[in-house]
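Below is the structure I would like to discuss, written out as structure tokens.
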Amino acid sequence: MLNIKNLSLSYGDKHIFEELNIEIKENEITAIVGASGIGKSSLFLCINQMIRYEKSYKLKGEILYKGIDLMKESEDNLTKIRKNIIYVSQQPDILPMSIYENLAFIARIHKIKNIDEKINAALEKVYLYDEIKDRLHTDATSLSGGQQQRLILARALLLEPEVLLLDEPTASLNEELSHKIGLMLKEHKSTIIIISHFKSQVKKLTNNVYSL
Amino acid sequence: MKKEYLFYKIVFSIFSFFAMALVYLLISFILYKGLSSISVELIFSDANIVDAMMFKERVFDGIFPAIIGTLMLIFLSLIFGIVFGVASGIYLSIYANTKVKEFLTTCFELLATVPSIIIGVFFLLLSIYLHKIFMSNFLPSLLLSSLALSLLILPYLVKNTQLCLDNIPKEIKHLGLTLGLNKMQNLFYILLPYASKELTSGIFLALGRACEDTAVIMLTGAVASAGIASSVFDKYEALPFYIYYISSEYSDQAELNSAFGAALVLLCIAILLFLFTSLLQKKFRKKYA
Amino acid sequence: MNKLFSKLLLFFTGFSSSLVIFIFLLLSYLCIDLFNLNDISNFLSFDWDVEKEKFGIATMLFSTMAISFNALFLAFVFSFSICSIIFLSKNRYLIFFLEKTILLMSAIPTVIYAFAALMTIVPFISTYKPSSTLSILVASIVLSLLLIPTMSLIFLNIFKTLSLKYQSTCLNLGLSRDDFFFKFVLKNSYKNMTGGVILALSRAIGDTMIALMLAGNALSFPTSIFDSSRTLTSHIALIFANDFDSMAFKAIFFCAVLLLGSNFILIFIIKSIRIK
């Protein structure tokens, strides 16, 4: 599904990682662990090629997605590919709109049908629906940190991507919710890559673990 | 390439092109006409250049008095502007408490929108009343114009000074205080030197406004032919007023040519001030990067 | 010493900031006996004729509005287009050129715009429409050039702030930069853009030189944009330059108070938008 070959990244003179080789299998969860600041999030930026908007970076190697080298794709093609490789960031990057609009805005642009049903389903999946069903049309910035994090996870699920890039998806959730979301992801039928600080956390989810 | 927005993009391009074409048409027209008509004679008339430069010989027909008038105007309004504008900016940034600050900032915002003609009217009235009561030589003059102009550029100076001082990083802002300096010493030894480039660039930007304004000076003492003012209480000539005057009253091509020359000189002064500002800004952008 | 210094600063600040209030009060005071002396309808009529003692400034009010709004509309179209191109273009040189031109435009003296237009645009228009020389149209076009930097710098600032905050989020979700601009940035910036437009309007109302040199200063009521017309600001300039008749003077102060008042109202509107 996704093949990373000999990938090296550096910002200016600073080397982030070198000669990285990772193979990601279809419909399985892959975890990437390592200390903070080691370049886990940067790896995600490389995969969805958002790194192109950073300054003074150097990237070498290949990132093969279904046999296409993403590093050589044009920006227009990448836009279509990014719809299938959704990145869920560590900081909840919600947009300044209502909760409903946060989900529907993107869905409408991607011309997804039955938006309302799918939004409800996505919110159910991240155990958020019951908490916010009465205030779907209020400002999303009023949600708590944990709720925001689940909201952007729901936004990603709504788009039904082929690959999900999750950057510490349960960092600001309590243990019970973390567990529930973990189970949900395990049952979810798509390729998922998870970043985490700790090996022990991801051991429950998968056996494919790479350390950076 | 998505076709979805192509229509909008084409429309945007057409309008942008039209606006740019119009601006550069006007500028290049002035440059072309100005360059082809400017000459030593146009500036100094038949006076000896060296003598004129040393102010030994008076120049009557050329645009030299207007150039000198504009420069004197810029210089004087700079002095008044710095005294009042920078002082107010410092007060607002460092000394004022929130409530006072809010009120005073509103006042300066209002002042920024006062049309320049009204500032001219105000100073003209002021001179009429003060002249009647006690100050017999407070008539429309270089002094009155530069006071009026400094009021015109005051809001920009205040805002710029305030912004510069507010943008100083916290560590540096409190550096002097932690070393035992009092507020005033902190200001003069640390804050002002730290922000000096930004302050200067703001002052030059304000000067650009001072050198171009016509409405204020036409009410407060600029006249079509007065030669070089011998004191600040005299009437004077200035480039923008000269251009306006010629454009409404010209009788032959020679007069028009001198207006083109004046326009070229004014444009050059404005662009020089602008270049100087952006050069300074480039330098301090490096400092923060 | 330290205390004295801060007192001195307070004095300077208080003095310079109170001047604006003083200006407003003085001008209001000077036109105040106009309200009990003569019927106000004289001042709000359409005729200005000093010999017949008619001091109506409604015509000037109308042409100020006409020129300002025409210029505002043109400037909005221009600024919006330029800023969109700056945002959407991938050509670095084009972006650099447009950005620098906007900054340069803010430095060019208005009298130069007016003078150049007088020698180029005015003859150009009168070759196609010989009856029209100095007109509302010319003044509006040139005034719009004056407003472009004011508006564009504000628009660019809004666009940049939004894209800095939200661009990576939206692109992560598979939106193209075009989608991001047309569906997100525009939707979320119109409120702040209103502030820029109103600020430009206050500049348009307050401008003197372009209207004075290009609008023709006729006293009759304009019926089309090809007609010559006189704005409040140029009216003030012309009357002060010519006659000192006392009633005419009062009407002038009335003009000044109108100008000042409308600009103050615009500023308070901008402030209330900002707070929301």
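Each chain gets a letter, A, B and C, in the order it is written, and its residues are counted from 1.
Keep in mind that, in the parts below, contacts are C-beta pairs under 8 Å (C-beta built on N, C-alpha and C of every residue); 3 or more make two chains touch, one makes a residue touch a chain.
Given the structure is predicted, the values throughout are model-derived calculations rather than measurements.
Path length between chain B and chain C in the touching-chain graph (shortest route): 1. Here the chain at the heart of the shown protein, by mean C-alpha position, is C. Highest inter-chain contact count (C-beta pairs) belongs to B-C.
Centroid to centroid, with C-alpha atoms defining each point, chain B and chain C lie 19 Å apart. Centres computed as Cα averages put chain A at a distance of 53 Å from chain B. Centre-to-centre, using mean CA coordinates, chain A is 48 Å away from chain C. The set of chain C residues touching two or more other chains comprises 176. Multi-chain contact residues of chain A (touching two or more other chains): 76.
Shown for chain B are the residues that touch two or more other chains, namely 2.
The part of chain B that touches chain C in the complex is made up of residues 2, 4-5, 8-9, 11-16, 18-20, 22-27, 29-30, 33, 83-85, 87-88, 90-92, 95-96, 104, 106-111, 113-122, 124-125, 151, 154, 158, 182-184, 208, 211-212, 214-215, 218-219, 240, 243-244, 247-248, 259, 263, 266-267, 270-271, 273-274, 278. Within the complex formed with chain A, the chain C residues making contact are 166-177, 179, 183-184, 188.
Contact residues of chain C toward chain B in the complex are 1-2, 5-6, 8-10, 12-21, 23, 26-27, 30, 77-78, 80-82, 84-85, 88, 98, 101, 103-105, 107-120, 141, 145, 148, 176, 178, 182, 202-203, 205-209, 212-213, 233, 236-237, 240-241, 252, 256, 259-260, 263-264, 266-267, 271.
By the touch criterion given at the top, residues 48, 50, 53, 75-76, 79-80, 82-84, 86-87, 89, 93, 95-96, 105-106, 109-110, 155-156, 159 of chain A touch chain C in their complex.
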